[in-house]
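The two complexes that follow have chain A in common; it is paired with chain B in the first and with chain C in the second.
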Partner chain A sequence: MKALEVENLKVIFPTEAGIVRAVEGIDIEIDEGECVAIVGESGCGKSVTSLAVMKLLSSPPAITRVDKLVLGGIDIKDLTDKQMQKVRGKDVAMIFQDALTALNPVMTVGRQIDEIFLAHGKEHFSDETGKALSRFARKKEAKRRTIEALKLVGISDAELRYKAYPHQLSGGMRQRVLIAMAFACNPHLIIADEPTTALDVTIQAQVLDILKELQRKQKTSLMLITHDLSIVMNMADKIYVMYCGKIVECARTRELFKNPLHPYTHGLLGSVARINDDRKRFVQIPSSLPSPMHKPSGCYFHPRCVHATERCKQEMPPLEQLEGGRCVRCWNYKEIRYDKQ
Partner chain B sequence: MKASYVIKRILLTLFIFFVVVTLCFFIPRIGVDDPASRYYPAQTAGMTDAEYEAIKELVRQQYGLDGSTFQQYITYLGNLFTGDLGTSYTKNEPVIDLIAERLPWTLVLSVSNLLISLVIGVIIGTMAAWRRGRWQDRALLNASTFTTALPAFFIALILSFYLGFEWEIFPAYTDQNMVAGFDWSWEAISKVAYNASLPVFAMAIGSIVSYGQATRNSVIAVSEDDFILTAKAKGLSNNKVIYGHTLRNALLPIVTQFGMNVSTLIGGAVVIEQIFNWNGMGTLFLTANSNNDYPLMMGIMIFMSAFALVANLLTDFVYCLLDPRVTLGGR
Partner chain C sequence: MTSNEREPLLKMEHVSVAFPVKKDFPFQKKRYVKAVTDVSLEIYPGETFGVVGESGCGKSTLANCTLGMQRVDSGKIFFDGQELTAMTSRQLKEARRSMQVIFQDPFSSLNPRFSVFDLISEPLRIKGGYTYAEMRKTVGDMLKEVGLSEGDMDRFPSDFSGGQKQRIGIARALILKPKYLVCDEPVSALDVSVHAQILNLLMDLQEKYHITYLFISHNLAVVKRVSDRAVVMYLGKVMEYGNVQKIFKNPAHPYTRALMGSIFDVDIDCPRERKRLQGEVPSPINPPPGCRFCGRCPEEQPCCSLSEPPLVKIEEDHYAACFLHADRAEE
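What follows is the complex of A and B.
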């Protein structure tokens, strides 16, 4: 069983100035227990993709179309918002980027985690005889589980932290709270949207370790959304590279780092520092991401690509399936020879 | 909230109160050399100068106006500590009794106005935010343009003219028997409600819209916050998201507005009371003002400011309890 299957996901935002095509028909497959990274620059549609999978994009303004959306064996494509409420938090959970703004400032972190158990665990909250617990006992049980969840992410003095407000915790601690929240109901899939961007580097490593450890232990699938390839290298099993709302390359992590096929992927890798690096300077991808309202003709990457040919300016290349589950969207990937990095 | 901070705030409030009392004492005395001559004008017929002086002296003694202004000030402060606000010149009754007699009637108007506008305003504001850009939202926006331009007394005049005089649906003037014969019976209470309907309505229109608009803006701002998305991603029901997360945060600025309105509960309805001939603090103050009844004027002003100071103090403390991020007085 796959943890997530997405086929031909499209998201557009009609605005007065024109239509913004944020996501243009992408397919994603995540196996049970697998960590899949979606990599790309800011504005390439990564976050919109994750929200679309959760069905959390508010409509209006967003318009979403998808051919297939199956999550842990449940077809959620046609579920109403009310039905999705039972799925969110229980079968799929999300870790947001900035833990300070992602937590309610006037509620203790403990109660914010309690809410998940109370919203989803109702039928499991029963005593030995199978009788449903009273309201008061349910709250007590939720508190017990919350403290357990806080301990699981390595928060010391969990009983004390239970009563803390978000602003009383450090940044790393808050991110751990978000992770505890996501793992609370042991979902099939956790979507982590830039989970460490707001943290400094040492805390980043700690938080990633906890995330990785929990993911392995609980066999949860993880969809990691990031622009930081150095994180991806250690975490992900498979990588999707996104550019301008389209997937331009997908591969197993090792293969992608060893042998990038798309010039964009090659460019991204050129901007990552590595320990065995004797390059004098980083390679930069020239120019910046085109406006999502006025995307270039042909291949979206051609204005920034040093290998672009006349054909690249005219026609959008198809996503070519290669052996070993790889795929690439480039006319010339066979001809291009990259200098040894 | 630190205990030391609470004590500091209370001491500061007491100091401000002292300043207010001092100003209330001296400002009416600027420009008038002898309040007694104001009270007993020289034109009082058929009196010789000596008789007139004797009477003025009598009056001075009776109302504590003998001695220098500073001596009077000290006496006044001393009396204030025992709860004695002096005696009214015109009514010859202790000021504190006059205030106690009128205060409940003012509170009937202002408290019902405050509660009605808070409850209805918050409901309307939440609805408008929920249906942002739809007709409910636009109606609230238009209403707020309208009511900010129209002062409450103008609305009161229009209501009193049409609903009171032309169509005779509600009383345009307060029935004075309402106060005299009040005995907590059902009829007496409903009579008060009937008489209060127009003044309360006139005051409430503006403040309902203002609470509504403030709530609407605050709810919209909060519902775009990240933690609302988190709450939705947790799988909470819509009601939990609105009442548990959005409103709880959105109402924080409303508490401030409410606290500021509480401080105007006593003095805020002077003109409205006058229009509907409502026997409250406002009409009492206006009578005192036109009769140069200094003890009464001072008493009312001091009472109003004490009320406002206490209300502000409480608002600060309540706000601090509602928002854990506010650590008053630092750490």
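What follows is the complex of A and C.
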């Protein structure tokens, strides 16, 4: 069974200035227990994709079209908002970038995690005889589980932190609380949208380790959304590279890092600052992302691509399937030879 | 770069800064956040001086001190031979003409109601003595210098992407041709793909105008590439200080090694062994006794929590404050 199957997802935002095609027909497949990363610059549509999968995009303004949206065996394509509420948190959960805005500032973190157990796990709240627990006993049970969940993400003094408000915790701790919330109901899929961008390098390493460890232990699938290729190397099994709302390359992590086929992937890899690199200048992708309202003709990447040909300016290349589940959207990927970095 | 023969552009001598903490009740003993404690360093003209550390280690306070924006509790700061810490506010204003800052977040450091021309020409207007036509020309030249076009002059910050906004910030900082520029995490709010563009631009401009940079970052890999000398700070104290190449070749302090261990890499064939640093930065109100790093240090010794290790010389232009090297102090 697949944890997530998305086919031909399209999201557009009609605005006064014109139509913004945020996501233009992308397919994503995530296997059970797999960690898949979606990598791209800001504005490439990766966050919109994750919100569309959660069905969190409000319409209007967004218009979403999808051929197939199956999550852990459940077809959620036509579910209403009410029905989706039952799915979110239980079958799919999300970890947001900024933990301070994702958490409720006037509620203790313990009670926020309790809420998830109380909202979703009613069937789990029964005694040995199968009788449903009283309201008081349910709350007590939820607290016990919350403290367990907090311990699982490496928060020391979990009983004490249960009563803490978000502002009393450090950035790393808040992100751990969010991770605990996401893993609370043991969902099929967790979507982590830039989970460590707001954190220091040392704390970032810690948080990613916890995320990886929990994901392996609980056999949850993870969709990791980030703009930084360096953090996905040790996390992801498969990587999708997005550019301007389209997938430009998809490959197993090892293959992508060893042999990037698309010039954009190559540029992204080159722009990561490495510690054992003594060259003074940084490799850069020239110019910047085009406006989502006026995307260039042909291949969207051609104005920034050093290998662009006449054909690239005219026609959009198809997403070519290669062996090993690899795919690439480029006319010239066979001809381009990259210098070893 | 032989640093010892030249006169430093900026010199800090035993600088300490502490911020009082609000009292919880009226008769509570006064408490302080010790943001910077006993920092001495020298920055030479034309070099890039890196400052590395986790959030809350005093990097930004240190930078504010060098700009004369932060009164120091003790110690002295000399800029270009003059004592910053003894200046009146009028003299400071004069001295700050040759200093500028680039801020971390280009989204909040540019006034959204100012056009690009207003933003970049503001330092010129404050300095005075320019006609409107002169200002238009100077701003236009500056924009081209940072990779934007003259036509962008009458647009507003909201029309630009993060990387372009940071370029506007750089143009504004450089318009008065400063000698000394503080880059306070200039790329951490930007996408990784834009990092390279901005860092290359900063290095090109440095070469052209011979500016001295104070480069603050928590990413060691970036600091290694851009700076000549650097200081590694932890809870307001200097942990390691000196030539970047020497620090990276032979990191003497366990904290530097831990920071290096937490960097992510993209070399799939030779994964470096990554040592994780446990725990988080303790509160700067009650820092641990002895060495500030003890408690998280993987190589802790019994003497570490008793007294503070002195800054000892490891080699030429390379110093570290750790008891692992205390034996060198007697030499």
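Odds and ends about this structure:
Note that in this section the second predicted complex is superposed on the first by the 334 of 341 C-alpha atoms of A that agree within 3 Å, B and C clash if a C-alpha of one lies under 4 Å from a C-alpha of the other, contacts with A are read in each partner's own complex, and residues count from 1 in each chain.
Note that a contact is a pair of C-beta atoms (placed from the backbone, for glycine too) under 8 Å apart; a residue touches a chain by one contact, two chains touch by 3 or more.
It should be emphasised that the depicted structure is a prediction, and the values quoted were computed from it without experimental measurement.
Using the contact criterion defined above for the overlaid structures, shared-chain residue A:His227 touches chain C, although it does not reach chain B.
Residue contacts after overlaying the shared chain place A:Ser170 against chain C, while chain B stays out of touching range. By the touch criterion defined above, A:Ile203 reaches chain C but does not reach chain B. In the superposed pair of complexes, A:Ala149 makes contact with neither chain B nor chain C.
Between chain B and chain C, more residues of chain A are touched by C. After overlaying the two complexes on the shared chain, residue contacts for A:Met107 are found with chain B alone; chain C is out of touch. Using the contact criterion defined above for the overlaid structures, shared-chain residue A:Ser42 touches chain C, although it does not reach chain B. Contacts of A:Ser271 after superposition: chain C is touched, whereas chain B is not reached. Those residues of chain A whose C-beta lies close enough to touch chain C in the complex are 41-43, 170-173, 200-206, 209, 227-231, 233-234, 253-254, 257-258, 267-277, 279-286, 288-289.
The touching residues of chain B, when paired with chain A in their complex, are 225-227, 229-238, 240, 244-245, 248-249, 252, 322-325. The residues of chain C lying in touch with chain A in their complex are 54-55, 161-164, 191-197, 199-200, 203, 218-222, 224-225, 248, 258-269, 271-272, 274, 276-278, 280-281. Contact residues of chain A toward chain B in the complex are 54, 56, 81, 84-90, 93-94, 96, 98, 101-107, 115-116, 119-120, 165, 167-168, 178, 181.
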